[in-house]
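This report refers to the structure that appears directly beneath it.
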């Protein structure tokens, strides 16, 4: 597929990637389960956004659907852990 | 628990749910092809059949011109507050020493409608610098990144009031 | 070393590493939960390998969506520009199966824990010889 | 509406119907509780009947029945191959399925708290095993192997009072290794040939890179070897056999292990073109045989003993196939049949003999022959058949096996196999003697089987004796089956002539 | 028109990306889970919303891509609805999991509730139902 | 010792595997039957998503097996963990003693139907988009998971789950069998292929995917409910031991 | 219909019906049993068409039923014994349960024997061999005595060793000769390599040798013979063991002498001789009549094997003759022991004594049999031994003759011991109420005794058939007149001459002896007054049947020390211990199993790497 990224696109992608790296750092470091879940949730949102942006770059409408589903799953995942933490599971 | 005082009649609530679901369906499909629309009507019909009872209490009653107006006002207001607060957080994060004074404070809300309370809570949460830890009755427990006061009255003024005054009008 | 080679080493290496890590966890970890996690990791490694193998450079997802059709005009041309859909289909199956197995494994762990009051695999050895 | 050549799609019923009824069963149970037991039975009966009809059809016409699923001819679509070989094994499984059902029909009243789940799992393990055998697609085989596996895990852990969960966990662990290796093997083949159809792979196998081919073979061989209970990959097997409900031991012996074996055989005979595959099969067969039978000699628990014995039989079957001669393959198929029949009878009777004993020690059932004469007799018939006394069916398979060895002048091997047979004889007759001569310990109450279980056992015993007295009942089919599995070209051609 | 859309779109996209980055920085730097929830999740949420809206606007440049915009709005609405809820739930869960907030001046109104009436009273109520 | 052996063995196996896989060029086109699938899923089946065409039609038999695996897993879970569903339903109030926060509870009211709607959207469009029955089913099950988490008293009627999963399973297998009764083969398409990228295209494929969607949703929900109810057993045990002590 | 099949049907069908008949009522069963016994016997002797051949195609093999003169003579032995044993069984088995089961197996085993004799091919032979084996095994364990598991397993293991050797030989024949026909095999055998001949021959001999109880494969025999109900032991030792002899005869003559490896025959002869000697010495030290006779059987079979092994015309002739005789007298002796067991309740020498007054007919028939056994002239045993010694001397096997002679002397000793221990000596009050056995038991015994006397007087009656069977084995030109056998160098042994002159006198002498012994036996108890009411110690006992040959036993202690049974036991234990150790491979830890899998995979990878 012929890609025609402009500079702006690349800057945006780099920034998001950096954000993801920071999130991932927290995910690895923890130290608590809550921290990891929070980091994972942040990563979910960030990567959903990135997915949407990539959809634009690749001209793939489908990526939007994927991003939406991704966000939904991430959301429920956090709720699961949250409920587990408060002893509600 | 979250009992509605004055529920709309079942058919109304059903129709309302159906309509909302159908609109969301259109949002999902983003097309107006006949099969898609018909499928959407059918699917939202089924879904409304199962969920109208919990999905809405008042049905179309909530949709008044004034309500819509206040909603728009609320959203714009919220966005503005959010952006403002976000820059605030950006400042905190980017400052090497991180000038924060976190803590959990409380205030009493004047809202009675649970939906309104939820909107308030979410708004507080979405606004950087604060988030709702819990709601007990009318008491809101707020985690505040930079606590300036612990007095509930003051807290209410600083955190909740900008939202609540519009919300009171919205959910009148 | 070409880009493709780097990608090849990275992806194959990562996938096989995942498999090996999974196997290692299964073989050495004492905790049943960790063993099950090991199994899952193993599965993901295999799935990653499948997806990797299905990738064809410079080709697109195998969906003849309106935009794709608008771009390539004919089905044949579009088909020429797509990656191998089979590994994706297979992986979908493999994932679901892996999920099923993992669910059963966890259920077994729960029962073992209730029965033996431990999740240490070394202490669960009523059956031997 | 129904096509005139309806028989040509019937193999699909072996999979579609169990799945269909498995899905339907919960609903049927709501309508009338006994449906959950009756309906599977009707289905098993119908499928057993279908299997025989289909096998006769294939036998008479000489043409395999090949179903292209979803209307796509192989290698595009998945195909089911019901030829003389796969058909024979499928028929054995189908008949055993029916007998296991009959045996279990009332079993649950006492022990099964949830008949629905039991019969569901039974139908699925049945569909899985037959699926492994009749599918013509490698990945599809993997899917069926997993269905078989998961049903087996669940059935192994079916009883809560025992160590079923432990056994099931071990099974699952090793089974997951199997699926990983199988998947990797399939992937390697796919990357080389771009196809998953067995016949397509077989005819193009020389296009594979030799190294990749070898590794793919090894991975698949190991994976299927685990399911086939090959030594040393069979650590899970004795536990699973011994902890599962009684009839499930029979299911393992007659269905799942057969499915694994079939996959191994198809791999070595059709898909790959290594001559060393046979050597591997040979060596592993011998190891499996010797270790399993030797260890069986030292077992104190009846079901564990039967389990090791079952594994030993698998080793014997592998040896038989490894000769790659007509006689050897013939013997192997005969052994498969016998193993399915006889081990089922043994598990059937043993599980009732040891019904009330929690750990199933052999000493727990001593003297039980006086309380349960018929059940004990059934066990005895099983023992006679497995030892290979004429006129029980085991004799013929043993004779063919030894003839196959003699044909290759493997005198040492004959002596080895017979020595192992001697070991087998010793431990089986020890049990028999305990059963008949020792004083009951009085610790456990005997539990006489209900009529349905009795009927299932008697039917099995009659089949065993009938085959023993008149082996021509099956030798015709076995002969054709042996030709079918050995004739790679015909397999490929018939798959692609559809 | 296209130009306006481009500038507006890229502005939002860039803004979003920056907020995502700030969020990441926040969750790395801030001292405890609650503060991190403050900075991280919300900056990220805002960032994501802004970025997605930007994409929706950028897509409008192409003819027939209005559905992108709609879908983007749908996603934004979903994120706006779900994210505060998950953050809140996580905070509440963490607190009830006895993870103390990091405070300078020991400001914790919630502690009183949890310690004096909180969980016990709640479960008492549940039992009496 | 065990670790050392494991490391040596695994290192060797991994290296061997890597060496072998390294022979397979990355990103190269080695399609064989896949070529046929790509050309014909739009042409003959009218399915835009070739993966879906493979999953539901060309290799639909695999998918039937896969659906069976899920069904099996939910049955197995029930069989491994619980004796009687009735007891479990009766004691479901023991599932948790902590109520979810009011925010979560209210959110559940309007988010869950929307999540379910999304799931339905995904599986209904399985033949057009990367989604499908499995993905849609998972999303719907997620919605129910949310309900289970948010409402202490929310119980799922297992009868309903059973009903849905049975019906969906029968539909899948039944659609396959209809092919036979129409003189074709199992799972063969007997409906018009339709126009590419239309909702009403792909013959029986969307029907099957819808069935799969329902089935997966029901099964996963059942599995999740079973898993979440594990604590019931534990709590029941606690209560029992306490009453024993008191007596 | 093929008469051979009819005979088999009579026996097997009869067996199945007997099961049900006995379950109806014992009398019905007994009537049926006797009917079947006589029917089979009469059918065999009178109606069987020996020339008939039946080929059955089964499982891809041709199963052939055909009888020849050699096998016919063994069949005749069975035909004689079967009805008599059936009659004998009626009172003997009175009061036992599961009679239907017992007699079904009984008839099955007899059917198996006939099947073996009729087998025209190795497969048929093997099938019937196994049927005979397992039915006899089930009879051995029929009584469910404490010993039964051990004895049964021992019998089964040795049977299996034999059967598996046989099976190995058969499949080797099948693979190399491409036919399982027995006659075809012997026809083409000379064309095969020496190695093949030796291998197949040895395997066959091991197979048949087990049933013939040739040392060192005899271990099972004493136990099995003595544990089994005596009515079956009479068939067991009388007829069933002859199936081994039949097979050895086939092999030794056809394989070794007709294809020129006579050395192998010599070895067989040596095995037979050693068996005869050792078993005899073991018989001497037995404390129980059953076991004594069991050992005696082993010894006697040794003679026969030796005779067959030498492989000359006369030795084979003698072997066959002795085989038939042994069948008769040993059956008779076991029947007598059975009668004693039934009437006196024990067969232990230390308990038994002086039954002669109580059971004179039993004594008489036992006496006749013992005389035949010991080879005392003028009865038939003497003729047999004479021929055997002569054949050996003329063929130069002096050492074997010495061995057999030693065995013969010792045989006399144990025969005497048996008679003395059971029937003679001081009477015991304990046995006061013992009566003579039921006529159904004594009459068959006496009938056999009568046969033995007749055969001793007119050996020629048998010679006719034996000579015919010799022709089947390829020994032509055995000439005989009534009671005159021409030996190898043309001299004739006029049996009638020897016999007739002595027999009448001898019989008279015996009658007198019996009568005198009967008269003179006193009725004293061991608690006689001379011990002053004290229980007599062993030394005081007048009746010293216990430790009868203690000095002898001491003298030959070194022989007894080297028994073979411990060797077998050690071997078995070694195997069990080995697998007890191996068993630990299955550690119970799933991770170990997983490691095995990885190890397996790694090894295969390694091998693959080195191949390519």
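Going in written order, the chains are labelled A, B, C, D, E, F and G, and every chain counts its residues from 1.
Heads up, the rule we're going with is that a residue touches a chain if its C-beta (ideal position, glycine included) is under 8 Å from a C-beta of that chain, and two chains touch if they have at least 3 such contacts.
These numbers were taken from a predicted model, which means no experiment stands behind them.
Treat touching chains as neighbours: how many steps, at the fewest, connect chain A to chain C?
Steps on the shortest route: 1.
Please identify each chain that touches chain C as well as chain G.
Touches both chain C and chain G: D, F.
Could you tell me which chains are in contact with chain D and with chain F alike?
Both chain D and chain F are touched by C, G, going by the contact rule given at the top.
Where the centre means the average of the CA atoms, what chain is farthest from chain B?
G
So the centre of each chain is just the mean of its C-alpha atoms; given that, what is the distance between chain C and chain F in Å?
16
If you average the CA atoms of chain B and of chain D, how far apart do the two points sit, in angstrom?
The separation of the two C-alpha centroids amounts to 61 Å.
Counting in whole Å, what is the centre-to-centre distance of chain C and chain E, each centre being its mean C-alpha position?
From the centre of chain C to the centre of chain E is 31 Å.
Compute the distance, rounded to whole Å, between the mean C-alpha positions of chain C and chain D.
Between these chains, centre-to-centre, one finds 30 Å.
Would you mind listing the residues of chain F that make contact with two or more other chains?
2, 6, 10, 13, 16-17, 21, 24, 30-31, 33-34, 37, 59, 62, 65-66, 69, 72-73, 76, 80, 97-101, 103-104, 107, 114, 118, 129-130, 152, in rising order.
Residues of chain C touching 2+ other chains?
19, 23, 26-28, 35, 49, 53, 58-59, 61, 63, 65, 86, 90, 93, 97, 100-101, 104, 108, 111, 125-127, 129
In chain B, which residues are in touch with two or more of the other chains?
Chain B, residues with two or more chain partners: 24, 28, 121-122, 132, 134.
I'd like to see which chains touch which, written out pair by pair.
Taking the chains two at a time, the touching pairs are A-C, A-E, A-F, B-E, B-F, C-D, C-F, C-G, D-F, D-G, E-F, F-G.
Tell me, which parts of chain F touch chain A in their complex?
Chain F residues touching chain A: 96-100, 104, 115, 118, 122, 129-131, 135, 138-139, 142-143, 145-146, 149-150, 152, 228, 231.
Okay, in this complex, where on chain G does chain C touch?
Interface residues on chain G, with respect to chain C: 583-584, 586-591, 594-595, 598.
Note which residues of chain F are touching chain C in the complex, please.
Chain F residues touching chain C: 2-3, 6-7, 10-11, 13-14, 17-18, 21-22, 24-31, 33-35, 37-39, 41-43, 48-51, 53-55, 59, 62-63, 65-66, 69-70, 72-74, 76-77, 80-81, 128-130, 132, 134, 196-197, 223, 226-227, 230, 233-234.
For the complex, give me every residue of chain C touching chain F.
Interface residues on chain C, with respect to chain F: 4-5, 7-9, 11-13, 16-17, 19-20, 23-24, 27-28, 49, 52-53, 55-59, 61-66, 69, 75-76, 78-79, 82, 84-86, 88-90, 92-93, 96-97, 99-101, 103-104, 106-108, 110-111, 114.
What residues of chain A sit close enough to touch chain C in their complex?
Contacts found on chain A: 1, 58-62.
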